[in-house]
Every structure is written in structure tokens, then in C-alpha cells.
Amino acid sequence: MFHHQKVLQYPAKPDKPDALFAKQMQEILGGQYGEISVALQYLFQGWSARGEEKYKDLIMDTATEEIGHVEMIATMIARLLEGAPVNEQEEAAQNPVIGAILGGMNPQHAIVAGLGPRPTDSNGVPWNAGYIIASGNMLADMRANINAESQGRLQVARLYEMTEDKGVRDMLSFLLARDSMHQNQWIAAARELEEKNGIIVPGSFPKELEADNFSHSLINFSEGEESKEGSWANGTAPDGGTFKYEEAPTAHGEKQELNPAPEYMYPK
Amino acid sequence: MFHHQKVLQYPAKPDKPDALFAKQMQEILGGQYGEISVALQYLFQGWSARGEEKYKDLIMDTATEEIGHVEMIATMIARLLEGAPVNEQEEAAQNPVIGAILGGMNPQHAIVAGLGPRPTDSNGVPWNAGYIIASGNMLADMRANINAESQGRLQVARLYEMTEDKGVRDMLSFLLARDSMHQNQWIAAARELEEKNGIIVPGSFPKELEADNFSHSLINFSEGEESKEGSWANGTAPDGGTFKYEEAPTAHGEKQELNPAPEYMYPK
Amino acid sequence: MFHHQKVLQYPAKPDKPDALFAKQMQEILGGQYGEISVALQYLFQGWSARGEEKYKDLIMDTATEEIGHVEMIATMIARLLEGAPVNEQEEAAQNPVIGAILGGMNPQHAIVAGLGPRPTDSNGVPWNAGYIIASGNMLADMRANINAESQGRLQVARLYEMTEDKGVRDMLSFLLARDSMHQNQWIAAARELEEKNGIIVPGSFPKELEADNFSHSLINFSEGEESKEGSWANGTAPDGGTFKYEEAPTAHGEKQELNPAPEYMYPK
Amino acid sequence: MFHHQKVLQYPAKPDKPDALFAKQMQEILGGQYGEISVALQYLFQGWSARGEEKYKDLIMDTATEEIGHVEMIATMIARLLEGAPVNEQEEAAQNPVIGAILGGMNPQHAIVAGLGPRPTDSNGVPWNAGYIIASGNMLADMRANINAESQGRLQVARLYEMTEDKGVRDMLSFLLARDSMHQNQWIAAARELEEKNGIIVPGSFPKELEADNFSHSLINFSEGEESKEGSWANGTAPDGGTFKYEEAPTAHGEKQELNPAPEYMYPK
Amino acid sequence: MFHHQKVLQYPAKPDKPDALFAKQMQEILGGQYGEISVALQYLFQGWSARGEEKYKDLIMDTATEEIGHVEMIATMIARLLEGAPVNEQEEAAQNPVIGAILGGMNPQHAIVAGLGPRPTDSNGVPWNAGYIIASGNMLADMRANINAESQGRLQVARLYEMTEDKGVRDMLSFLLARDSMHQNQWIAAARELEEKNGIIVPGSFPKELEADNFSHSLINFSEGEESKEGSWANGTAPDGGTFKYEEAPTAHGEKQELNPAPEYMYPK
Amino acid sequence: MFHHQKVLQYPAKPDKPDALFAKQMQEILGGQYGEISVALQYLFQGWSARGEEKYKDLIMDTATEEIGHVEMIATMIARLLEGAPVNEQEEAAQNPVIGAILGGMNPQHAIVAGLGPRPTDSNGVPWNAGYIIASGNMLADMRANINAESQGRLQVARLYEMTEDKGVRDMLSFLLARDSMHQNQWIAAARELEEKNGIIVPGSFPKELEADNFSHSLINFSEGEESKEGSWANGTAPDGGTFKYEEAPTAHGEKQELNPAPEYMYPK
């Protein structure tokens, strides 16, 4: 059960309107790695957690914070749109700067939302749940989370470069910090789990059922042997095995061919 | 540029038809973490790679292999459907086992594909590119790949439990091995990059622009302090900072409120 | 069965080309609340109607009209694109007004449709049937329709502000009128049904099976008690009950926790 | 900013496992009118609310509650899956009851989520933000909410019929009650706004700009005159106008025809 | 502008209820090549047609008919669901035949639509406009239509095999006939256009701007030379050129490599 | 199994950066008829092919080539983005040309991909597998392929008009040529199959089960008789039958009406 407090976790006040940046900022609200993604990913992971309580609590602590980040960015976008030159179409025909703004802004910010945020990415594609994962395997999910926070922080850093607005940058500097913490915490949790269950997910699948002569070979499917020199092709692998390099791929299977289809499937 | 060899990388021959398992196996073909996802994710990463050649080659080696895995699973599904009781509707009314198979199979395997594989997940949802990422940041992408191979191997392990077919299990044992290798290799590459650029993505964003008093605090947004005892709330963080635990969240921002909308947006 | 007449229900002639407005107008063609949505929503409701004939006829009268509205807007968009500066890329580099138009227009209007309308919203997202509902409950569907016509007329009003083209505005003034009628008619129908079956959908679910001590309480989940002063927190509720206000939420359930997963699901 | 409490708002304990019902119940979790939809719709409406504080507070009170309903249903689904016969494929070949369960269950509940809930509808289609609306017009949004709670309660009522499990029914009886309250409250709020701004959305669009001879006519586009006898074709309309009935549609426009396309669009 | 007649174009009466077939039949209603696809594809093509009137009329004749086919199949599905054992969950636990039906039916047919049709495919995936095309090139669109009617008739033929219901088969025999006519007519129209504008779309692109030494070569990218013996590798090509066969692909380009990214994109 | 060669099939080097064209070119990478579509469509067709080996080999030859075309276009887009004015937001406020570029470019090219290609269309909509078909009927699939190459070449021709960049045009001239070849080859293959199995797909459905008095009539559903004069309304049809023209549609069915719904579906 949740409770809501109306003061934001951190200020979300732009210095001035900027309809183009409002559009670009949608990426970290409703994009593949935006705040809706991490909020719902962590909620589903937390509600599905079946292991030790401390992981469940860590996930729910973070999930709940993330709903507040959705709130902060939604607020920032709404404020960036206050004062946007939406109905200056006529003037835009003469003034190329206004024209560029009108041509570049997200039309749904005006037509659909009346100057509010949208649950979409920076191109207007609606958020969908195919972006998130709660797998029932704690280490797999920690890795999903490390990835999400890495992609997320990368996008925030790029947005930071794309604006000069001090108010916007202030909020982004906070999000960068929280994304650092979240990378830190998921990495710490993953390391704990790797020590317990091994480096390969899932750790409990019986090794003898795996075709383990294929578990440590880098196979040269793309011409050129530059990849041969990496730490992934020689020496000890993270799971303790020994990396090998195969200079040319071998086809172990049979020809890819199928039997004729029955007549009632109308192959002709 | 690519070349194709008709012999499969590994045998894909089931012992007998199984229309229900054909449906379930679609998950690792066209699902969120299926083979289409890793193939296209690695291809886009490889084609976008701007750094050292050895990473690009590693990625392209693996991407190219994965197209061959799509081929293997597509072939297995087609063969599992050969002999499926598609047009025995009448008989199914009397025979509950046939009824359960007909009721449970993917109708598109018959109606749309004529007993072939579908580019969808196990519920028939078409694969879409919102599943994949090529970010232009090598460490971020290695983490995406570690995650993808972890989720993927987990799903293969579960499918292994859900069938007794020896031919199917043989192919799955091979995929489990390759997923082990791919986890190993991406982890090795990530470690290299972390040593060079630091543990936090992106490593080159200037630390002084981040609100760094928020970079190491776990904040207790979900009641209960179980998470306080984890390695993520005490001691040294992966990036070298020191973890803190905040027993109660603080709201640093202002009230979430907006100015009135202009009349031409028709708020009334 | 349907018949088609080639004269439009109302003129759809713009005064001059406007590729940006063509893009924006896509919202009321193929957006969430565009004409494709109401046309298909009403068609499915009409074909699924199992109650009194007069409702079915009302719905089919309106559904059939809406297909003609799709036609009008599709025509308007095609005509707004006639004469658009699609292939003046070179000139655009010098002329910022042309540049803004080219940069802002929907590229698919040229590349995919050759200056025709697209079955998408104003950001180019394809229309999908997740926008519509035909529930098999007449009052629920009337409410869906009241909502659709309200959102739709709101969007048309905003578009009216965003253009000065007299021909476009003339057509919009007609659509505004039809949306007024459709709001009026669905409200009238809903009132009839509410009188017959009660205000709460579905009206026939046995009241004694509902946990009715929770049926009239506003619970204060968001700090601040401003909502306490509304007509929804005091006095008689629309269904005849008495509204209550709960100053603090109560958790009636048990702790959110799950049993461990079986080993064959590979939780580790 | 949000806070989380681990005790559920209401108990979510089934009497026994039921993998088929777990699949069906997904509809009210991640379907078009499931709890994710209302939670996110209300959050976006609340964050975008620019009018009187009491509406914003009402919306945020309800939005916050709904996140807790997502939690309850997610928990119920996880518990319905505990003990599901996922890996009894072999036995299923002999036992048609187990076969029907295995054939009918959502494969992703096992393969992807390891016996956890999914952010999808009952057919496995991922939730997407095309289901929700926050329009910046308070009355339009209240109507969206009345519709959402009507569709939602209807679906809960149908699910109630489709199970005999007392624990499940107990939770559904609570959700039915809250949906009654939410219908009541949004209707009360809509009535207030209709009194202030008029019955037609948006209320502030200048009447003289509307082609108002078309604002009150029901036009007989579908053969048969049953709809002529309704309250929507005679007498006073909700907005105070007078309904008319047109026995035959008139085409007021010009022929639907377009000019030839320019050669550089390659029409041939 | 459209008019609606309530008598169906052809009878749509099943002999008896069949919830599983209702689910399967959704494919030709709301699937990739279902009737919604052809109806909307032809409507958009007709409204976008800029050439000779006779093509526009032909397309609109057919488009209008197809809306009536959507109506017939929607009606058939609704009637197949009348009497479906939706609420016999308890009984299903004992009776495997009922269990198989309940496990296999589309849950949304009951929960969402109350025994009505859904605007989705046979797996419950909502119809979307990414299935259709109106390109502004008449020959290209005729080819899209030939394809659509071929895929559509193939699916109807397969469904015919999957039921013994005489009423259903009678309607399918009509749809098979109309799909024959539609294949015939689009092929006839395509032949006319090919004679006028040439076999290659678009016919008016200047031949001298094409790298025409690559316009007639089949290149052997997949090992084995079986394809060398086809009519596509020897002799005169449909456009009048001469087919060639290249035994081994040649790479004409440069190495696939990119320049380093700028620092502000945070590649590290 | 596949192998990769790092030299491109054809050069992909633009003369200079062009962020707007990079956005537009996405259409032929990840749009409905882009290279991802043909690559995956042909792969699935090839892997599903159950007939003569020569067709399978032809399809796989082409499929494999198409993966290389995805590579070429992905490379071109990445290179068009090198040097794009992504972080010149401030300067753009003064310089309308830069403003138009920034306003018009795809924000994800910078924020998500760090100046790389995206697996989406020109509006940023992710590619999805609903675009492709592998039907298990060889002639149906050849027709899908003829359509895909026609739409694809049309889009390339339009893009050719929209740029003056010689490097870009050089690559497009190669793609135009390959699309000519692919149209040629699929048409040749379709003709072979039509000679063997007849012009109507599927050719093997028993003619006596079709309601063949409806197989050759064009019915005048859209007012006006222009379509009567086409080759599709008179004379011999492609399948050998005789075309007829019906001046007015006949409704052969019964009224579109349904029985009342059971109470447990809550129609009220």
C-alpha cells in the first residue's frame, strides 16, 4: 500500500519554457529506459520476490523512490510547456525560430495533453511493458537493473549536454546522482549473489546437463581475428573455466530441411 | 556482408511432434529475450561500435552466431509441428487429450504459418525492436548483453524442465552452453571496461556536475529496515564511495503544482 | 452491409497547402481518440449489441456516419499535402522557413504515402485496437462513448486554434457540431439506462456480494485534505449511499510475501 | 513523493492454486482497463492538473490507492501460481485434466516470470500507455475515469462468476466496492463541473464558431428507424438544445477526389 | 459518405456454439490479413487515389464490401460464443472436455466483451495499422492487394478444414469465392498497369540513375546452387533484361567502420 | 549457420552529415517495408520452406543478402549523424537553420543511440514482426515478396529525390538495382508456380466447396459505374472464369441480430 506526499523529492523548476526540450525529455519519462520503466520493473520484481526479505525490501525501497522520479520529470515537462508558442502558427510562417519550435515540438503535448506530459518516449511512442522484466531469478533481475540504470544515466548525461537551462540541469544533476547510487547498489547486490550461486545465471542448473564443451569457446563468425586478443578469448573465464578461441566455426548439425506439409494446410 | 551455410550449427531434431511445446518454445525465438532479440541487439551494437576494433569484432562474431540460433529454433518448432493434430477438431470433442492439445496450441501455427514458426513470443505477441538496445556506450551495452544472456539462459533452463523429449533437450543443452559462454565473455569485457573507465556508466561524465551527496544513499522508502543490512547500505561502494542509509526519505523539492493553462488549450 | 456515396458529408477543402498542419491533423484521424477509433468502436458495439433494437440502431447510425468522418479528414490531409515542399531539401539549407517545414513534417507523408494520409496519430504511431471497447454492457459502452466524444471534441477545438486556414476551420466547425450532438445523444442514452439499471455498472451484480462498507469512502492516500471538501466526500452519493471521508488509510490485508519458488523454476 | 507499507490494503489469499484463473485474472492487472491503467491514468492526470486543488488532491488520493490495487492483484496471481503443475508435461499426456491446465495456462507465467505476475493482459499482450488519457480538461478526464471504473467493475464482476475460490472472491468483493466508490466519486465530480462549465466538453469553445445547425440532429445512416424513438432524437438535449431526427442523410460536401501527384512522388 | 443496411451480405449462422473456433476465427477478423486489414487498406487506398477514376471506383467498391465482411465475421463469432461454457469453471475440474474448452478459449471473449467479437487476432493481439499500406503508387498497391487476398483466402481455406460446422462452412465458402474474385480483379488491374508503366515499380524512375549492372543478377549468398536452375537465374527477366547468376558474392564496399563519437555523447 | 565479412556489399559513404536525412532514411531501415522487414521475412520463409529445394535456396540467397543491406543502411545513418549539431541547443535559439535541424532530427539518434542507427521507422516507431509473413504457401509468399520489393523500391526512389548528397545517391542507386532484381526474380518464381498450381491461392482448395457463383462478380458498392469499364468487370478473368458486373449489391443474409446475453455476463 502506498502513500503520497505532495512536495517533490527534488526541485523540478526550469528557468524558462522550452517546448523542444520538453519533447526530448520525454525519453527519460516514457522511453525504453525512462523512469516509468524502472518504477514498474522494480515494483514487479519486488512483488514477485520469493527469496530473502532484504532483497525484497531493497527493491521496494527503490521502486517507491522511482515513482517519485516519474513525478519529478512529469512536472518538469509540464512546466517546460507553460508558455510554449502553440497557437502562433500564423506568426511562425514569418518567424523561422518560432517555425522551428512549432515544427519540432511534440504535437500531442498541445492537442492531446493541453500542455502536459505524455506517457510516451521522445518520438511519441507509448510506453509498453515489453521494456521490463521480473524473472523470478534474483541475480538475473539485478543484472537487468544494472543495465537499466546504466542506460538511464547515460541518457540523462546526454540530455544534460543538450540544454543550458540551469533549473533543468539542477534536476538532472540529482537524477545522475541517484542513478549512480542505483548502479552501485545493484552491483553490490549482484556481487553478493554471484558469490553465493556462481557467476552464471541460473546457478542451480545441473552442469552435467549442459553441453559443456561449448561453454567457453569464442567462435570466429565474423572475419578478422581482432577479438582473439581480448580477455574473453584467453585465460580464465569468470566462471572458472578456460576460454578457447575457434578460428573457424564448425557446423555440427544436419541440413536445415523440413518434411512436406499435409494437404489440408494448403501448401499449394 | 553475410554468407549462409545450410547445415545447422547444432542438431535440431525432436523425437516426436508436440504442438504445445512448439508454442512454449516460441518464447526463446521471438520473445523479449529470445534469439531474435540477441541477434538484432548485437548486430546494431556491432554496426554502431565506434571504439576499439576488438570489441566490434567480438560483438559481430557473436551477432552472426545468434542468427544461426534463430535458425535452429525456427527449425525445431517447424519439426515439432509436423504431425500436429490440427484438423482433428471433430475427434477432439470426444478425446480430451486431443482437445487439450488443440485448445492449447497456437492457432497461428496452423492458420497463418501452415505449421511453421512465427516471429512472436509464446503468447503470439509479435517481436518488436523495443526489446533491444545499442546505446553507443560500450560498457552500458555489455551490461545489456550480460542481462540478455542471463534472462535467456534462465528461460532455456525452464523449458528444459518442461519437456522430456530427448532431441529437444539435446539442442537446449547446447544453447545452455552457448549462453554460459556469452555470459562469460560479456562479463570479461565489462570488467576490462570498468577498469579503464570506472564502474559507473557513463564514466566520463564530470563528477563535479553530479549532486554527489545523493550518490551513495539508500533511502528507506518502503517500511521495514531489512535492506539496511545489505552490502549496499554499508561500507565501500563499487565506485569507491561510502554507502549511507537514510532511515526516512526527505522531500527536498517544492510542492507539485502547475500554473493555470491558457484558455486556447480549453482546460474547461 | 454498407454502401458508399462519393460526395463527402461536408466540404474538406483547405485554402492552401500546410504540411505541418497535415501532420498535426493526423491526431484526429488515427490517434487514440481520432475518427478511426470512434468508427470502429461504434461498429463493434453495434454488432455486439444484444439488447433493445433502438440502442443497436442508434449505435449503427452513428458508426456509419463516423466512417464518413474518417473519409473527410483523410481527404483534408491529402489536400493539405498537395504542393508541400517535399523535394526542396537543397533550398531548405538556405531558407529557414522551408527548413522548418521540412524538418517538422511527417516523413512518411512523402516516403510511404506519396502525399496521402496515414492510419497513424500525429507522431506517426499506427492506430491500434487497444484504443477501443465494446464490452457487452450498454451503460459501460455509453460511458466509453461519452468519453471518446469529449476527448475528440477537445482535440478538434485545440486544432481549430492552431490554424488560420478558413477552409480547414470550416470543416472543423462541422466536426465540433457533430461531436456536440454525439455527446448529447450518448448522455441521453446513458441517463435512460441509469434510470433503468442504476448508476453503478454493472447494475445487476448482487449488492450483497460486494464488500459494501468500502463502497462510499474517500480515503486520504495523498497528503492534504483538500479533497475532503468536495461533493464526493460528503452527503449523498450518486447511487444513493452516503459518502464518507477516511483521514488515514488502513491496511486490512496481510504482509505482501510469497512462498519460495520450486527448484525447477531456477530461482537461483 | 511516495512511501510504501508492506501490509496489503486488503487480503489477497486464494484457497488453492489455479493456473488458469491466474491467466484470466491478468486482465484486471495489465489489460486495457486493469489496475495499471487506472493507476497510471490518475497519476498523469493528477500531475497535469492545473485547476482547483481539490480536484488534484482527489485524483492523487485515488491514484495512490490504485498502485496498491496493482500490488494486491499481482500478489494474488503469484499465489495462484504457487503449486501450478508446470513441469508435469509427461503426466499431462496421460491425464487430460492436467493436460487442459498445462495447455491453457500462460506459458510466460512459468518461462519468463518463474511463477510470478506479468505486466500484460489475459492473452499476454503487454500493457501500453495507449490505454490511458490525461487531457488537461478536467471534465473530459472525469468522463474517462467514469468509463474506466465502469469497464473495470464489469470485468471484476465477470471474473467473480468464473471462480468458486472463496479467497479470490473475497478480494474481488473488495475491488467491486472500491470500483463502486470510484464510479460514485467521478460522477459526483463530473456533475459539479458540468454545472460550472456546461455539459459539452470543452465548455469554453465559442458556440458561434460551431456549425450549430448540426449540433442536435440524429441522422439515420443505418436503415430502420428504431433509433427515432429514443430520448436522443426528440425533446430537449442535455445541453438545452432540441433534438432533431433526419430520416435520410444529406451529403453537403464535394466529390472526394484529389489532384494528380507530382512526378517526384513516383505515382507510376 | 456511407450507408448501412442491417441484412448481412451472406448468412452467418453456426449450427452450434464453439468457443474454440470463435477464438481461431478471430484471425480472419482482426489478424494481419483479416477483414479489418483489407477494409482499411482499401479505404485508405481509395481515399488517396490520385489517378484514373476507374481505379478509385474499383477500390471503393471493394473497400465498402469488405466492411460488410467484417460485419459477417463479427456476427459469426458472437453467435459461436452464445452458449459457451464460460462460468462452468467448477465443473471443468471434473470434466476434461469442458476443461479443455475453458482452458483454450480466449478469456477476453468473456471478461472484456461479454461474449462478443474482439478487434484482435486469434492470439488476442490487437489489430494495428502497421498491417496496411496505401502508397500513392497504383501498381504497388495492387500488388499489396493481390498479396492480402492470397494470404486471406489461404487462412480461410485452413479454417474450413478446422471445423465440421455446416453453418460456418457455408459462410466460409462464400468468403472463399469473394477472395477468388478479389484476387482475379487485382491481378487484372495489375496487368493493365504493368502494360502501361512497366513491370518494375515505380515505372517512372529514370533507368539511367539505377546501378543497372546489379539489376538482373542472382547472387549465391546461401551455399548450394539449387537456385541456379530456376527461371529467375537464366533467360529473359520479366522486365526484359537478362538474368545472370553469380556463383560467389562480391563485396564492393569499404570496411564497415565508424569514426569515434564526440565526448558529449559519452561513449565511455 | 551464417558467416560475416566486414567489407560492405556496396559503399555507404555520405558526402557530408545530414541529421534530417538520417531520420528520413530510417524508413528503409526499420519501417514497414524497410530492410529489416525483407531480411526477416525471407529468413522465416526460407526456414519454413517445405517444397522444392530450388525455392528454398533462392529465398535463402536473397535473405542473406538482405541482412547485408540492413548493415549498409545502418552504416550510412551512423555516418550521416557524425558531426550532427546535437549539443548546439543554445546557438539554435539564434540560428534558425540549426534550430530547424535540431527541431527536426530524431531525438533518439542522440539520446538513446549516441549517434547511431535505430531499429525503428522514420517516425521512431520500433520495427515489429507484424510487418512480415511466412505462410507456408509458396505462391502466397512470392506475392508478399513482390509487394515488399515494390513498396521498398518506391520508397528508395522517393528518398533519392529528397537528397542531393552524391554519396547517399550512389548507395541508393545500388539499392534500386537490387530491388529491380528482386522484383524480377519473385515475379519469375510466381509465374512458374501459377502455371503449376493455378492463379488463385491456394490452388489446391477443392473448387466445388467454394460458392462459385460469387467468384467472378464485381459488385457496385460505391456509387458511380466507372469501375464497370475495367478489365476486371468484363471478359475472361485471370483464372479462366468470366467477369460479371452487378449494378446493385444484394443482401443474401439474415438480419444482423444476436440473442440476449446470459445474466452472468452482466449485460446490465
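A few points about this structure:
Letters A, B, C, D, E and F name the chains as they come in the text, with residue numbers starting at 1 for each one.
FYI, contacts are C-beta pairs under 8 Å (C-beta built on N, C-alpha and C of every residue); 3 or more make two chains touch, one makes a residue touch a chain.
If you're wondering where the values come from, they're calculated on a predicted model, not measured in any experiment.
Chains that touch both chain A and chain F are the following: B, C, D, E. Among the remaining chains, the Cα-based centre furthest from that of chain B is the centre of C.
The pair B-D is the one among A-E, B-C or B-D whose contacts match those of A-F for more than half of the residue pairs. By number of C-beta pairs in contact, A-B leads over the other of D-F and A-B. Chain centres computed from CA atoms place E at the largest separation from chain A.
Separation between the centroids of chain E and chain F, computed from CA atoms only, is 12 Å.
The mean-CA centres of chain B and chain E are about 29 angstrom from one another, to the nearest whole unit. The set of chain D residues that touch two or more partner chains comprises 1-9, 32-33, 47-48, 53, 56, 60-61, 63-65, 68, 71, 75, 78, 86-87, 96, 99-100, 103-104, 110, 112, 114-115, 120, 123-126, 128, 130, 133, 135-137, 139, 154, 157-158, 161, 202, 205, 221-222, 224, 249, 251, 253, 256-259, 261, 264-267. Considering their complex, residues 154, 157-158, 161, 264-266 of chain F touch chain D. Chain A contributes residues 5-13, 32-33, 46, 53-58, 60-65, 68, 71-72, 75, 78-79, 82, 86-87, 110, 114-115, 125, 128, 130-131, 133, 135, 137, 139-140, 143-144, 146-147, 149-151, 153-154, 157, 160, 169-170, 173-174, 176-178, 180-181, 183-189, 191-192, 199-202, 205, 209-222, 224-227, 229-233, 237-239, 241, 243, 249, 251-259, 261-262, 264-267 to its touches with chain B in the complex. Residues 1-9, 30, 36, 40, 43-44, 47-48, 60-61, 63-65, 67-68, 70-71, 74-75, 78, 112-120, 126-130, 132-137 of chain A touch chain D in their complex.
Chain B makes touch with chain E in their complex at residues 1-6, 47-51, 53, 56, 86-87, 89-90, 92-93, 96, 99-100, 102-104, 106-108, 110-112, 114, 120, 123-126, 136-139, 196-197, 202-205. Of all the residues in chain C, the ones that touch chain A in their complex are 20-21, 23-24, 27, 31-33, 96-97, 99-101, 103-105, 121-125, 154-155, 158-159, 161-164, 221-224, 249, 251, 253, 256-261, 263, 265-268.
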